[in-house]
C-alpha cells in the first residue's frame, strides 16, 4: 500500500550548461536558457509505501509527512531561485529530472528506512517526472 | 494493459480509536477526531488489469465495471456516515487507507479472478492512497 | 478589477426541515437527509472588487485576505458538523446556498466597506453557487 | 526514472463489430454504436523511462518527445474520424484500449530502443487505459 | 444568487458552410472542416438565478435541474453526431457558440420564467463560451 | 455572448517597491521579495464579447484570437523575467493585478473595437484576478 501527499512550490530557474558555448546552450535549452531566469508552479506528489498501523489506521501520519515535505522541500525551494539560492544546483542543471532526484534524496535521508519512497513532480501541466531512487 | 474507471462518493466519518484516551485521540487524529464527524468528496479510481477481448476491443466493459462499483461501493458508502452506517467500520478506523482496503476487498470478491485489481482513492486533492491487495 | 482567493474545507451536514414529516424530508432531500450525516470537500472562491493600490500593486494583500478567510470561515467550518457544531445552522438548513450566504455575511462583516465581495462555493465538482449579497 | 509529456487530440469514432448483428452491437456497444459517430477530447500521457544525461540534465528532450508525439499521433488522429480516416482501425474497433495499443506501437517504432515506453490515454475524465507493451 | 450544475456529453460534429466553396471552408474552418467529422467531450455549466426557498434552503432542487438538463440536452446530444442526428443543426453550423445558444433556448423553454438562465460550454479545455440570452 | 481562450505562460518575477526600504518590502511582499526572483505558471483566460457571425457561426475565430494572444502576450512574457526583460514593468510592480492590466491593455490595442474584452489571470491555483478595463 502507498499513500500520497500533494504539495506545491513556486521557483525560478535557468537551464544551461557552463561547459557549452552559447550556441549549444541555445540549441539544447531554447527559451529555458534565458539568462534572466523564468519560473514555474511545481506540483509535488510524495508517495510512501508501507504497512497500515493497526492502532491508528495510518500508513504514515499525513500531517507528519506534510511537515517533513515542508521542512525539507518547501522551505528550501519555495519562492527561490534554484540556480542562485540553492547549493544543490551549484553544479547541477535544475531540470525537472534533477529537481526530482534532489527532492527524493532529501526526503529519503529523513524518512524512516521501513518506508518506500517515490516522487512525481510536475513542472507544467504538460511536463512531469517520476523517480523512485532506482 | 489496465483500464480505469473514476467514480465519486460523499461520506461523513470520524477518526478515533476507542482504546485510546481522549488526549491520545486528539494527539493522533487532531481535527479528524471531531465527535460530531466531518466529511469528504471521495474520488475512486478502479484499475482492472487483463487482456483485450478481440471481439469487442474491451478489456472489460466499462459500463459493467461502473455498475459493479455502483453496487458494491457507491450504494454502500455514498451519502453515508462510515462509522455509524457501515458494518465494515464497526471495529476499523475509517482512514483513507482502511477505506481503500475495504473497497478493494469488496470489488475483489465480485470480480472475475482473471482480472487484476488496483484502487486509488483521494480523500482530498492533497491526500490519496493506492492499494493492490499486496 | 477583482482578485480571487481559493480555499477549501471539509465538513459534515444533513439536509432536513424539522417542520416537514419524514416522508416530505425524504422526498425533497433524498440521500442528503441521512440522519447520520454525510460530508463534502467544499471549495470556496472569495472575490474582492476594488482598485489597485499604486504603492504595492495589490488590490488587497492576498495573505491578509487568506488570513481573514481562515479566521472567519475555515476555523468555523473545517472538519466540523455544520448542523451540530455551528450556531449559524441551528435554524437554517445547511444547503450549499445557505452556506454561501452565511460565509458572505461573515466575510462582509469583517471586510473594509470600500471593497466589493462575491463568493463562489462548490459542494461537489458538479454543484456550486454564486452569491454577491444581492 | 520516467518523464511524461501530456498532449491532447479530438476525434470521432464508432464502436461496432461488423461480424455482430445489430442487436448484439447495440447490446455490447450501446450509445457508442451510433452509426453517425460521436467523439471525444482524448488526453494522452506518454511516459519515457531511461537515465538522465549528465550533460543536459534531460532524460529525453521533451521538445523532441513532443515533436515525435505530434508527428506520430496528433498529425494522424487529431480532428479525424478514427473509423473512416485511419487505416489502423480498418479492421480494429477503436475502443480506448485499442487506440492506446496503436499509439504505443507507433511511438515504439520511432523511439530509441534504449528508452522504455508507457502510455496512459483518457477518453473521458471517467475512463482511461494504461499500456506498456506487455 | 445563482446555482450551477455541471454536466458532460460527447458528440461528433463538422464545421462547414454549404454556401462556401471548398477553399473558403478550408480557410475558415481548417481541420474542423473534416467531412468525416471529429468530436469532443463537451462540459456544460448551467447557471440558474433566483431566490432561496426558505422551506428547503434550495434556490432550485439540483436533482430537478439535473433531470431537466438530461432530458433536454444530454438525451439530445450525448453520443450523437450534431450535424446528422439533430434537427437544430440542419441549417446551423454547430460551432460551440451556436451549440450554447441552442442549449440555452432548449432549457429556457422548459424553465420556470421566475428563474434567470446562463450557460457556459467548454468544447476543449482551451475553448469555451458564455451565453445568457442577450 | 462571450467566447474564451485559455493559454499559459511561465515567467519569473520579484515583487518590491524601490521607494520602500528593505524592512517595508519584506513586510509587504514577504517571500515574493526574493531579490533572485521566483516564478509561476500563469494561466490566462481571454474573454471576447460580441455577436455571432451568421456565415461562420463564430463570434471570433479562436485561431485568430489564439494567434493574437501568442503575439501580444506569450511572445512577450513566456519564459521571461518580467522585471528585467520587459519594459512594461520597469516602473510597475509585476503583481498579478498589474500583469492582468498590462495584458488587457496590450490585447485591447490590437482588438477590433466592436468586441468587448475581459481577462482572468491565475498566478497559482489559489490566486487569480479579473479585469475588464473599468
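Letters A, B, C, D, E and F mark the chains in the order given here, with residues in each chain numbered from 1 onward.
As a working rule, a contact is a pair of C-beta atoms (placed from the backbone, for glycine too) under 8 Å apart; a residue touches a chain by one contact, two chains touch by 3 or more.
For clarity, every value in this text was computed on a predicted model and none was experimentally measured.
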{"item": "Mutual neighbours - chains that touch chain B and chain F alike", "value": "A, C"}
{"item": "Chains in simultaneous contact with chain B and chain D", "value": "A"}
{"item": "Smallest count of steps, each to a touching chain, taking chain C to chain D", "value": "2"}
{"item": "Between chain B and its twin chain C, rotation from the CA superposition, multiple of 5 degrees", "value": "180"}
{"item": "Pair in B-C, C-F or A-F that repeats B-D, with over half of contact pairs matching by residue number", "value": "C-F"}
{"item": "Centroid spacing, where centroids are CA-atom means, of chain D and chain F in whole angstrom", "value": "34"}
{"item": "Chain A and chain D: spacing of chain centres that average the CA atoms, whole Å", "value": "29"}
{"item": "Contacts with 2+ other chains: residues of chain C", "value": "125"}
{"item": "Chain pairs that touch, as defined at the top of this document", "value": "A-B, A-D, A-F, B-C, B-D, C-E, C-F, D-E, E-F"}
{"item": "Complex interface listing, chain D residues touching chain B", "value": "15, 17, 19-20, 28-30, 92-98, 100-101, 125-131, 134"}
{"item": "For the chain E and chain D complex, residues of the former touching the latter", "value": "8, 10-13, 31-32, 34, 36-41, 78-81, 84-85, 124-125"}
{"item": "Touching residues on chain A, where the partner in the complex is chain B", "value": "1-7, 47, 52, 55-59, 61-63, 66"}
